[in-house]
Structures are given as C-alpha cells and as structure tokens.
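Here come two complexes built around chain A, the first alongside chain B, the second alongside chain C.
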Partner chain A sequence: MAAKAPDRRRNNPPSHGTTPPVFLSTSSDDIKPAQSSRPPDEIRKIFLRTGLISSVTGSSFLEIAPLKLSVSVLGPRPLPRSASTPFAAQAILTTEVKFAPFASTVRRGYIRDSSERDLGSRLYQALVGAIRRELYPKSRIEVVVTVLDSEDEGDDVNTVCIEDGRTVEPQFWDVGRADRALGVVLAGCITAASAALADAGIEMFDLVSGGVASVFVDGGDVKGKGKAGAGGKRYVRDPAVAPPDGDAPVATCVLGYMAARDEISELWISGKLSTSEGTAEMDELVDEAVAAARSSRGVLNEAAKERVQFIVEKAQSQSTETPSATGQGKDVEMTG
Partner chain B sequence: MTTIVVPGQPLGPAHAYVPGDGVHVFNGQIVSSLVGQVATSKPTSTNTNTATAATPTISVTKPTLSADEEASATLLPDVHAEVLCRVTRINARQATVAIFVVNGRVCGDEFQGVIRVQDVRMTEVDRVRIFTSFRPGDIVRARVISLGDQSNYYLSTAHNSLGVIMASSEAGDPMYPINWREMKSTRTGVIEERKVAKPF
Partner chain C sequence: MASSVSAPASIAQNNTPDTSEPPPLTFSTSLFRHISPALYLQRHLLHEPPIRPNGRHPSQHRDFTLTTNSLSHAHGSAVVRTGDTAVVCGIRGEILTLAPGDDHTAFESYHRSHASGTYGRGSRGSGGASWGDLIVSNLEISTGCSKKYPLGPPGSFAQTLSDQIQELIRVSKLVDLTSLRICAQDATPEPSQRPIKGYWSLYIDVLCISLDGNLLDAAWYAIVAALRSLKLPLASWNHLEERIFCDRSSLHPISLRGNLPMVATFILVPVARSSESAGSKGHTHNSDNIILNDPDAFEEDQANETLTILSTSINGEQEKNPRSRTGLLGTKTRIEKIEKIGECKLGNLHLRECLILAVEKSSRFTEALIKEGLDAGNFIV
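Our next item is the complex of A and B:
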C-alpha cells in the first residue's frame, strides 16, 4: 500500500512529535510587587518607537512591561482584482492581530483563533473612525499586529495557574484573568497601531490611544458572600493580570480614545457592574480608562514626533555641512 | 527650530487660514491630520477680488529621508493626474495599462487602468483603432479622467502632449517619433503606427 498522501486541509503536527514547553512559575508572583509599587492611578512605563521595519509603509514597536508587540501598516495599495470586490469610494481598512506561538503561556497555533479575530475586529473599530478614508479611494490599508510577548494565558477555561512549578486550581481572584490580559494587549495594539499609521503618513482626524482600567473589591467581601460593593472598591488603571493583595476583580474596561476630540472610538467592558446607582459605577470605570488612555497619549505623541524630528535634524545638519566640505567627508569615508 | 505637530493638534482658527494639504477643519479649528511640519504660504496675488485673498494657506507636510521614496508610499492616482503607464494588453475596445508614475512620482504599487477607444484622441474619434494606437509594452503618458470601476482607472490620451512616449518595434528595436501618428525603428527604419505624444 502506498504511503498516505499528506493531508493538506488541516494544520498537521510535526511527524516526530514535540516537547511541551515548560514554563517557570507563573508571572503572578513576579508581578505582584511591581503592582503594589505602582499607584493605582499610574500606568506602566511604555516604550514606543516607529519606523523600525523598512519594507512597509509604516511600523511601530511597543513594549509595556511583559507585553511586546510590533505593528506594520501596508498601503494604501490597490484592491485585489476580483469581481467580488465592489467599488470602494473610501479606503478599506483591514486589521489583523496575531499572537506569536510563544507569546502566551498557552502555546498558540499559526492559524488565527477566535480571540485573535476578536481583537482584530475591536482594533478595526477603534481605528476606522480616526482615519480619513475618503482621501484614499479604491485602496486598502492593512494593519498587521504581531504580539511577541504577553501576559495572556489563553481563555478562562483553559487557563493554567502555575505556582512554584505546580498547577493549582484557579482562585476567586483569577476571575477575568484573560479579560485583563487581553485588555492590556488591545490597548497596546491601539496605541501602537496609531503610531504606525502616523509613521505611514496616512491622514487621520486624531491619534487613538488605548486605555485599560479594572475595578476590584476587597477579597473578603466575595469570600464571605458579604455585602459586596458596599465599599472598598478599587479602580486600577492599566491593571496587571494578578490582582493586588487578593482583591476580587469585578470588571475591566478597555477603550480607544481620541484625546483631541474627546471621543471614544471603541469600548469593551467585561465583568459584572452593579446597576443599583444607574450607570454611575460604569461611568467611573470608563473615566478611569479614559484617564489611562490620556496618559498613554503623551507617550504616543512623543513617539510619533520622534522619527520626524530625527529626519528634520538630519536634513538640517546635511544642509549646513554640504557647502563647507563635501570632498572632505567623502575622503574620510573612502579611507575607512 | 521648527515645531512638529501630530494628528489632532489644533493649528489655528478656521477663519484665519485656508486649509491646505495635511489638515482638516473641526469645530472651527484647523487641525493637523499628519505628523510633520507646519507651513503657511502667503496668498497668491492673482485673486485679489475676494476677502479670502488675504488669508494664507496652512498645510502640514511629513518630511522624508529620501526625497521621493517615503512620500510616494501613500500616492494614489486621482482625477486630472498625469500618469505614466505601460500597456499590458489590448483589444478592439480598450488598452489595459499598468500605472507606475503619478504626477512625476513613482508609486509603490502598480495600478490598473484602461484607455478606451473613444478616449484615445480628441478628433475623429470614430476612426480610432486601438491596434494602430498602442501595442503591449509601450510606455504611455495619459491623464486620469475617472476613478473608474472597482478595478480600473479610466485614462485618456486625447491631447497633443499625451500618448506613446517610448515604444519598441515588432522586431524589438527602439523607435523614435516621426509625426503625431507614426514612429520609426532606429535600426531597420520600419514605420509603425502609434498615438504619439508630442515631444517637449
């Protein structure tokens, strides 16, 4: 009998098998001190730089503590020549978020899974209103995000909590771990994608910055089934995956915010919020997330300017050098 | 030292300036839509009859390292743009072309366009035949007359300065124009028909 033809329709595993990755103890222990050392109204330090990938129109790289991601912007490029694409008076924006296989504790496949598609559509929603799409008819703009490292541990069901090298049962404070982790990723995606679009020279109404905030209640309230929400409510901007001091997480809010126009372009709240005081609790959570987005906007502005500043200074230094000694400079280069 | 603005940054009241490139108007304010340097230009003296003549134009431009490379990444053909294109295939109704230069700047991607038989020249439109106007491989200077349908830009060569600017003969030799409708091979002297652009 002939050897089986390779199955091209499915994502085949390697024939020789793989060794499952072994991780050190979960990041929760490492992050807890960092969390406590940071006031709840302060976001983590952001590293953001643009123009690192030369082969695309615009690019950026962002780092917030464990989170690392790079964004490429391609286009505006012509639409594919197929009969199914209709005439587009405005540019068509496509967004794609992909976790590298090694980006989270649970290894990811090469095919985009549901949470990646979800992040992609949320990123689309955050950016689509900010781009002046009417200036780029019959073209498409692609935003491709690659997450290189994150605190994400897969979804809640598959979350593996590891402490001291042993798997442990999830505790009550682990509720919404995935939401907080994905929230931080989405906020980072939004901020970095805006920087990449600005680097690409695509005209925008405003830069969109991402912000996350979580609300926690005292752990004791939940454990004892006491009067939760009576007091001890803590709002934390840019929350770590591990909640502070065993507090019980209640809800997380992620948003894309255009600071110059005071507009929220994307809003994602997950968790439980009481409605006994109307929308007061939700409003406060959104306000905290807006404040976090304002903080990251400062970094975004500087990162967007940085490369242009560099180009301007280079042009100025060249223009001052050229009249004096062009020959001299060439000679030095030749001998070296 | 020039200051650098970011998208969303207000530049001034809308009544004081005429918005140029890279800016938009929001809430009565001129707002930047690009990262770059602000430039205000004095109004041109040609239209002194209206009140707008006194207002300067404000625009934001993104500086680039190399003069043409980065700016052309976001370059798109628009109506009235002068383009250079290569003829890819022809039939009796139209010539299909690939646009690679828009307004003198090389674009990052090639755009597909068509020159329909009725847009080849201005006069005696009914007697135009595509086969005696263009051949695949010709380099054509044309003008965009419409954004066209989903896949093609519609181009026109109905002007003396528009038409074939570079072509090879059937044997593959370069040709030079001898009049507005004929080109001659440099090697064999064979004459072929083209819709020739008037050399400058």
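Our next item is the complex of A and C:
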C-alpha cells in the first residue's frame, strides 16, 4: 500500500508505506469463531457507566463483549457569534463517530472515513427527535463517540491460503458482514449516547436505545427463502457479527427505539427480505429488533438511576459536611 | 486574609445610609475558584500544612491504575487512569517491505539526520509534513475529552505533545530497533547473517478519553506498558510468493531497553509570601515558587513553569550496565532529559527534590507493571 501524502499535523509512517500483516493459513478451518451459547432472544451483557469524564457536561462508557466505546456530550453551549452563523431557534445537534486507529482489524487513519460519517449521520437521526431542542435556542450540543474496540470482519480479511503452490485470497462469502459490524456499533452508539445526554442533564422526550436483530434461514438455502416450507426462519437478537456456525443472516435490522413513546427514531435494514407475504417478514424482524432495544433500555434505565442516586448522595453529603472539614479550604471574605 | 479593595463611595452610600460599615461581600469557595483561580490556589498553598485544592499534598502524585491487553485488535494495549485523566494506548504492527537496494541501516537508527537525504525524513519543522521512522506515535485529544479542546484536526497542544512523545521515544531509545527486523529464513546458521527483508513498523496511538492535566505522564506510562505487553506475530519471508507472511499461532515480544525511562512532570506555581502581612497586591519580587507534582488541569492553568524529567532508575542486578555511572540519591538514577518550559529560575535544590519525586513515581509504576505481569524478569532484554 503506497502511502498517501503525509499529514502535516501528525507523525507519519516511513515513506515506504506499510501493509497490515497478512496471515498464512494452510488449512481453511484454522480459526473458528467462538460458539455462542446464548439463546436467540437474549442480548449480550451490557456494561454502561455514566459520568466518568469530569471535564465535559455528560459522558458514558459502554461495553458489549468486544465493543467498547466512550461518549462525551459537550454543551449546550452558545453558538459562536459570527456573521456566518445563522440564527437557530432550536439547539443544533452535531454527532461524530470516530473509530480509534486500533479499533478494527484493519488500521484506520485519523481522518474520518465515509463509514464513520455515515454512522455519525445515523446517530444524529436517532437522537435528534428525542432531544427537546426548542429549549436550547442559539446553542449547540455536540455528541462525540470514540470507538475503542469493535467486533468486525475478523482476521480472515487478511488471511491467504496457499493451494497447489499459488495463493488464494479469501472468498468473501458473507459480504454483509462489514455492514452488520457497523450496525452493531451503531446500536451501541445510540444507547450510550442517550445515557450521556441524560447525564448531561439535557431535556429529552425519552431515552433512545439501540437494538439489533437478524434473520437466518435454516438449511442455508438463501434463494428459496421466499417459498413456503423452504427452511424455517430464525430470528436472533443482538447477533454476533461472525455467526458461529458459518451461516450468514439474510437480513439485519438496526434501530433506535424510544420505549416510553413506542417510537422508532432510526431504522436501518440491510439484506434481503421477501415481500411475498407483504411486510410480514419485515415486521417480524423489526419487532425482534424492538425487543432487543427494550432489553438494552433496561440497562439504560439502570445506568441513569445509578447516576441520579450518586448525585443525590453526593449533594446530601456535601450539605451535611462543613467545607473546612473536607480540607477544601476556608471561605475567603472579599469586601467590596 | 482578605485582599481588600476599597469600595466605591457611591455604592457604600446607597446600600447602607445609616450604618457605618457595608456588609462584606462573601463568595462561596467554588465561586472564588472561578473568579480568581490564581489567588484561590495560592491561599491553599499558603495554608499550614500546604494543601492543594484537590486535597493532595504538593509533592503527592495521583495514584493510577494500569490495565493492559484489554483491546482485541491491537497487538499491545494499555489503559492508564490517573485521577480524572484517562488514556488508552493501542499499538499495532504493520509490515514495511524493503525494496531491493534499500539501505536498511537507515531504519535502525534513531538519528534521523543519517537518512534525511534519501527519504526526506526529518522533523516536521523542515517544510511541514515529512515521513517518519519505524515507530510512529500519535496522540489524539480531539475525542471530546475536555471542553477546552475542540473537535477536528489536532491543534497546537496535541501536535506539541505528539512531537514530545516521539522525541522521548527517540531520545531514550526505548525500543531496540534491530528487534523489529524481519529476516529471510536462509540456511545460514547465524541469525544476524540472514538478509533483512523488511521491518515491523509500530503504530503507537494514544487516545485521551478524559483529560484533567498532566497528559504527558499518563500517555508515556500507557506507551511503555503497551510496548511491554506488545506481542507481534512471527513474520517470515516466503520465497515462493516473495512476500512476508505472518503466523498467528506464534507470538513474540519485542525487546525494549532494560531500564525503562520514566517521565515525571512538575509545575511551579508562584506564591507571594509577603501578602500575609500587607494588604496590597503585586509583591512579585518577593514571590516564591512551590513545586506541584503531577498537576491537574486547574493547576496547570496557573503554572508559570513546567518541568518534565525523563529519568531512569537502575536496579541492583543491572548495575553491570556500563552506562550507569551516575550515582545519585542513594538509588542509581540517571537523568536522560529535562524539559523546562517557563520563566522561573530553578535551583539545584528544586531539581533534586523533583528527581526524588520522579524516582518515587517511577517505582510506583514499576510496581504496577509487575502487578500486570510485565516486569523485566519476563523478558529477554
């Protein structure tokens, strides 16, 4: 990979350019993804904690198996006063999703690429309806997501086999995998971002939680999925990106869902769905994703509750203690 | 002690026409901190015993937690959290394949001037962008880690720190660059005789997740710990394909310096001692400086001097090292680099005090490394 023009704001690699390591596998069944023992209607364990970053208004950290992301909310703060800034009766929301360079199998650069921009705009779509933006005129709310680790294509992207003395590049039998990986990240982003917004004390109609669901066709006969009796459909909530038994899902749905209002704020379905029975198949897939979002909403509620309790306890302990007892210095009188 | 400002007569008359004295204007502590941060900090430091607003003693550093190898895609990683500063460091190796005729010695040198003619490597100062070395370190703070630093391309602070870290790696010769060689597997028995086909290039990326002062120390500790935890797959030259392939099943660490250099940052804060007796401000000629170890963001803003010391403590068993000549402070400590930014005069006494604190901090870090199972004993150095 020839290196592009060097970035004048960063330290650059050697001019020769570097390539990610390519692994040599002698037999194709070298690595098997870990078998998941989860029932299809159970989502993975979510770790969500808010208020870890003290220097911003609101923040959260989310961990779902390999996915780790940190969200910080800056604002609401006033828009810069310049001629180019139009008047905004409602708060302007900006969302940014950035993968750390070491967050995926192939190293990402520091400049945001198209998939990160795409995730950012989808996250915007999911959140913008939930925030009571009219309460914050002439101000700006920034949501910044940093993805530290993610589950993606897996190492077989850069694995080659040698057969009969010549290299065989891996065959991408599962083209939707990259999309699915982004979908899982998006669902995590939505859940974590609403936790961070709540932590920032920004008024919202409801908390948005993300959910993912996939539909599999048993028997692996993808073409015959529309016909009745050709392999039963299996719906899996919060599916693993690399499915354990090697069969790829037919379609995947990612959505942002407001449970209290029963509203979907963002919907992203990728894959093939049959329309022979009307929208029945799609409806079922969306229902499964909503159920997954409801499950993660429970975690979201817990995190919000935990944070409120922490703040209340802190406030109570501060009001009972005198400032001098904490060693925080004495009140200084200033006359004037 | 209150620094009194004589009130304008008109206000005093309007407020209290009958009594002789106007009610004093008092602020809460948190408000005072915002209105006059410098004075707020000084008052704390003049307290007996001196205590910083964050509750620490001036010479006390924040304790930190270290976690290594928590990322699945990085070859080596570390998370360091000191107080409210949290950084994540991930290191990935990529392969640089040498073209026939390339001079490989250029890559094994930390002295950039040797190769600058050929590949235009060199500091950013010479005409802006340039190509770098085998070790590429970058620090990112545009992650929403603080209100102060806007999103987008790195500003001057991030660039300065990235450069400083790159410089520290270079000065301390932290990584043994010859251990990054990828050699052809010839019949030659002597490994050093094998032709070099390429190199591992290490991308060290440090992301600041939460920022509350003294980012450099946290970033450096994360880098050192991540380098220690680094495990690269075995790479070898394939004759048939004429390219380098890796083997996932056998991983190996890289060799670092035996004595790890540690960074400690201090700031000097001016404290006007004379203000205890006089009501007037501005006795700068009488001012003294207090050294604060491991400053947080609030203290950093008030500093008029920043001192960064890169030092190495030499363990007893490694005393055979010919470079460990300097004996200081009981334990053998070598200063490798001192960076001083500011306007203060700094005496030997100050330096000695800082050095003792730096040694203390680095021993605490070594402890943390041992706890992670990454102490020097596990490595062939």
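Following the convention adopted for this analysis, the second predicted complex is superposed on the first by the 243 of 336 C-alpha atoms of A that agree within 3 Å, B and C clash if a C-alpha of one lies under 4 Å from a C-alpha of the other, contacts with A are read in each partner's own complex, and residues count from 1 in each chain.
Going forward, a contact is a pair of C-beta atoms (placed from the backbone, for glycine too) under 8 Å apart; a residue touches a chain by one contact, two chains touch by 3 or more.
Predicted, not measured: the structure shown is a model, and the values here were computed from it.
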(message) Touch test for A:204: chain B only (first), chain C only (second), both, or neither?
(response) first
(message) Touch test for A:136: chain B only (first), chain C only (second), both, or neither?
(response) first
(request) In the overlay, answer first, second, both or neither for which of chain B and chain C A:6 touches. (result) second
(message) A:311 in the overlay: touching chain B, chain C, both, or neither? Say first, second, both or neither.
(response) first
(request) Check whether A:100 is in contact with chain B, with chain C, with both or with neither, and answer first, second, both or neither. (result) second
(request) Of the two partners chain B and chain C, indicate the one touching more residues belonging to chain A. (result) C
(request) Once the structures are superposed on A, label A:85 by its partner contacts, choosing first (chain B), second (chain C), both or neither. (result) first
(request) Name the contact category of A:110: first (chain B only), second (chain C only), both, or neither. (result) second
(message) Can you give me the overlap between the chain B contact set and the chain C contact set on chain A?
(response) 57
(message) Per the contact definition, I'd like the list of chain A residues that touch chain B in the complex.
(response) 57, 76-79, 81, 85-88, 130, 132, 136-139, 198-207, 258-261, 301, 304-305, 308-309, 311-312, 314-315
(message) Quick check: in the complex, which residue numbers of chain C touch chain A?
(response) 1-5, 7, 22, 24-29, 32, 40, 43-44, 47, 51, 53, 55, 70-74, 77, 84, 86, 88, 90-99, 102, 107, 119-121, 124, 128-134, 136-138, 140, 143-148, 151, 153-154, 158-159, 162-163, 166, 201, 203, 205, 207, 209-212, 233, 235, 238, 240-241, 243-248, 297
(request) Quick one: which bits of chain A touch chain C in the complex? Just the residue numbers, please. (result) 3, 5-25, 30-31, 52-57, 59, 66, 68, 70-74, 96, 98, 100-105, 107, 110, 142, 144, 146, 148-152, 155, 160, 162, 165, 167, 323, 326-336
(message) With touch defined as at the start, can you tell me which chain B residues reach chain A in the complex?
(response) 2, 4, 6-10, 22, 24, 26, 31, 33-37, 62-65, 70-71, 73-74, 76, 78, 108-112, 147, 149-151, 153
